[in-house]
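Residue numbering begins at 1 within each chain, and the chains themselves are lettered A, B, C and D in the order written.
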Amino acid sequence: MFEGVFPPIPTPFAAGEVAHDKLSENIARWNQTGLAGYVVLGSNGENVYLSEAEKRAVIVTAREAVPSNKLLIVGTGCESTKLTMESTRTAAEWGADGVLIVTPSYYKGQMTPQALYRHYISVADASPIPILVYNVPKFTGLNIAPTLVARLAEHPKIAGIKDSAGDIGQLIEIARLVPPDFEVLVGNAPAYYSALGVGAIGAVLALANVAPRECVAIKELFDQGKLDEARALHSRLMPVGRAVTSQFGIGGLKAALDLLGYYGGQPRSPLFYPHPEEVEEIRGILRQAELLT
Amino acid sequence: MFEGVFPPIPTPFAAGEVAHDKLSENIARWNQTGLAGYVVLGSNGENVYLSEAEKRAVIVTAREAVPSNKLLIVGTGCESTKLTMESTRTAAEWGADGVLIVTPSYYKGQMTPQALYRHYISVADASPIPILVYNVPKFTGLNIAPTLVARLAEHPKIAGIKDSAGDIGQLIEIARLVPPDFEVLVGNAPAYYSALGVGAIGAVLALANVAPRECVAIKELFDQGKLDEARALHSRLMPVGRAVTSQFGIGGLKAALDLLGYYGGQPRSPLFYPHPEEVEEIRGILRQAELLT
Amino acid sequence: MFEGVFPPIPTPFAAGEVAHDKLSENIARWNQTGLAGYVVLGSNGENVYLSEAEKRAVIVTAREAVPSNKLLIVGTGCESTKLTMESTRTAAEWGADGVLIVTPSYYKGQMTPQALYRHYISVADASPIPILVYNVPKFTGLNIAPTLVARLAEHPKIAGIKDSAGDIGQLIEIARLVPPDFEVLVGNAPAYYSALGVGAIGAVLALANVAPRECVAIKELFDQGKLDEARALHSRLMPVGRAVTSQFGIGGLKAALDLLGYYGGQPRSPLFYPHPEEVEEIRGILRQAELLT
Amino acid sequence: MFEGVFPPIPTPFAAGEVAHDKLSENIARWNQTGLAGYVVLGSNGENVYLSEAEKRAVIVTAREAVPSNKLLIVGTGCESTKLTMESTRTAAEWGADGVLIVTPSYYKGQMTPQALYRHYISVADASPIPILVYNVPKFTGLNIAPTLVARLAEHPKIAGIKDSAGDIGQLIEIARLVPPDFEVLVGNAPAYYSALGVGAIGAVLALANVAPRECVAIKELFDQGKLDEARALHSRLMPVGRAVTSQFGIGGLKAALDLLGYYGGQPRSPLFYPHPEEVEEIRGILRQAELLT
């Protein structure tokens, strides 16, 4: 169901408010590429910077802009089970095809495997639509064990996982432990090519915002057995993947979009847009990867 | 202004909803002790588990229950500057005497000193009431440098810091760098006695929920120069301090309150109440510290 | 030159002293498999537990036991450049074909890229034989950046890297930045199969001590384009790889060897042999992986 | 027995070799201050950079230079129990009054409380002289729990602990759990003043190499009840303490010694001496603290 490439799209702002027209325009443009769908309200969507009302409005706009042959996945994970259940139901009502639920992590010391298990099962029981578990240690400071993923995979509403840990051994271990129909998506650009080789059927990549066609092509080449071509294309994109994540953050992702003709714009404070000289560095990285002439 | 002992009070729930009557009753009981005031909607208040509406309602109830000779401090820190400004203004409107603003931390890699500086200055410019910076690395994974604290201390609305890092050297360094009227509160029970010795004028301690009189007495003994007595009392409380924080978490704090005649109750999921045998262990720790007979 | 599979062999002890006869016998038995050679005095060889004289004696014994068509690689990395140069020269004199030099890490805060660069270049200048840089963050708490690896790769004596970080993206980045003749060996069993797919030409794996034929077969299958078979075999061995590293440590590796008919024996204190019930667990893991009947 | 201030002295080198004359001269000069003794072959002594023979020679030279009314403590901790026992016996033979034994840490995942317990008990059983446990998480990546310290304190040869964790709560917890004659020394300059207030009877401080009289004076003032003066002096030295540890490392410590008329000299590679502009910064820090005119 979740096979393919999904960008976790940024939320555009103009004068500090959500720019719904820009969101629609960006999606319209991405619709021309081979993306399988979109993730809204994920980490790259500045989810934690939006009010409850703003989140609902973003879902509405996205749903209108995303055609029915592409999937709309909404990030609905909150710290508490109660709020996560409510936001998941809301997303389903407004037309989401699936939800992405990050591991709660604020009270790290208390987030035992048993606590996480209960959280996900309660949310899954309450959800009208399929759930992807979302593991992103660099943001949460917490990793979900493959054995726990395997237990969660038994629930009919828990359809898969987006694993952004970047640990290929963990992807292999998850694949070894879960049923064949449990879907593994990789959420880490450097591990993308290798993840396809160990059973991942899709990817949620910040990189796919700025290189949608190329990210789709990597999977197509891989599926056709053209491994060397897939690997070479992936390797070429690595510096871009780093620029729009760890190196320049969400501000860097938005700057790259601006350079590529999408609407990026300012992130909300305390995130920040790169300095002009950093924007030039990003331009150079995009050119080097042949995404910009 | 913020001299004295403040418990970061838990938010009581009954049947999963905020139990406003229990909140009022708990505060009424704490009012009989020598506490200088209260922190609501802090980490121990399960802030991140509450909806926007629930947070407003908690402030209203607390304001009614807290007499005018005690301070009401509200945790209003959000990840974005915009939401933090809004929640700070709301708290002021509903009667808060001060706000506690945790360092934003979700996008750790981007939370440079300059980003944090802009965040706090923007919030301070917009705040009608005094601000305490809140540094809690165990939850945020991020520590605020004393040199940045010193720069923030220049703003007239930034009145002090609650530092929960538990690093006594950092408290000394902050005290060395800030103006004399900048108030340092320690947020870590094991460092409480020593913090008083290096310039802290108050404390925000989970321990103060269950041992309010004793926490107040430590400061009184210290202020009277009875250092050995202060130190002995502090040492006696250490296992309790650990039980209601790192050892059993917020569930353990609530269980201890239940044992002591306050209303604790269940925390919201995925937090959890201790098992019966753990509750007995907590009972033993409270007895050992002479908080329970 | 370093193509193929190399086990980092443990140092056998009897009554607390190095058991040279057992070392020879183990190597004689491994010589019957398709291993490309051996690493002695690596982390798995309890290098840091041996005196200078014991290390020299281990090299002598190993050299006699390793036939000329297999490579003998010696771990000679010390914290100081001076001692590393001396132990590297000694290893060369006693017949080592190459040396493995771990990043110095005790004074972490001072181990800047420039300090590491000078260290490796000085050692390489003094070394009569090829050097492999050894990156093992789980032991050293320090990761070497691909850009630094690329600078080191320019030295004619620095032939390659053993990267045990288990970060597939880092292996791709190293491969992208170094000259084609720089050899990348993976030192992390979970990443082994995927590493072959992104340019690694060999592996140094604790797992290869207990599953030498299988580890060799994975590479052979991969080289023949039988990717599914290679991947399935790798996946089957994963629990074994974990048992002899993170799960039961060097004591677990030695217990597994004992179960398989090699000589394992007690590690030196403070390392320890698994309890009998853990040995049974290891036996079960070996059987599950079809290494034991 | 170990009451007072001890500098962990650096090992001086000239032309890359141990400069025994400089070592003697430095000690002769420190003998004029009120130091209680010296630690040689500690972390600041570049212990891990010295050969076995060099370590023995350093002990001999130090023993000759240290008068009988001052203590000579030798760092003899190695990764293995066997080598630690041997080096401890050697140190005793050459005249050490006590030894400092760092927690083994290379195989972190296996260094369970039980493994550490056996290590220390074996070494203590074999040691003719008193032992100080040495806890230094910033170098070892491992912290020893107060409950384990309490168990070790039962051994007649384990006389105390040097705790460099800088966690004042941990010092209080250790003091609460150990017998009254177990000696606690603090190994972290920022926590020095506060440690005296919670039961520490001494300190091992890199800072004491460059400010021996001042470090001694802090304890004297404290013992006389002149807390404000002790605290003010401690606060004044804080930037110096940071400069000779985390900020500029052992190279910085050696540069500060050179500026103060001792012999500092080059550390061994890969450690490095500060750049000239950094030396000027260190000079400014020493002047600001009134250690240099």
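Simple rule for what comes next: a contact is a pair of C-beta atoms (placed from the backbone, for glycine too) under 8 Å apart; a residue touches a chain by one contact, two chains touch by 3 or more.
Please read all numbers here as calculations on a predicted model, not as lab measurements.
**Q** Going by the stated contact rule, which chains contact subunit A and subunit C alike?
**A** Touches both subunit A and subunit C: nothing.
**Q** Between subunit B and subunit A, is it the same set of residue numbers doing the touching on each side, over half shared, or a different set?
**A** same
**Q** Let me spell it out: compute each chain's centre from its C-alpha atoms, then which one is farthest from subunit A's centre?
**A** It is D whose centre lies farthest from that of subunit A.
**Q** If you average the CA atoms of subunit B and of subunit D, how far apart do the two points sit, in angstrom?
**A** 36
**Q** So what's the Cα centroid distance for subunit B and subunit C, whole Å?
**A** 49
**Q** State which pairs of chains touch, listing all of them.
**A** A-B, A-C, B-D, C-D
**Q** Under the touch definition given earlier, write down the residues of subunit B that touch subunit A in their complex.
**A** 16, 43, 46, 48-52, 78-83, 104, 106-111, 115-116, 118-119, 122, 138-139, 141, 246, 249-251, 268-272
**Q** State the interface residues of subunit D toward subunit B in the complex, per the touch definition above.
**A** Its residues touching subunit B are 166-170, 172-173, 175-176, 188-191, 193-194, 197-198, 227, 231, 234-235, 238.
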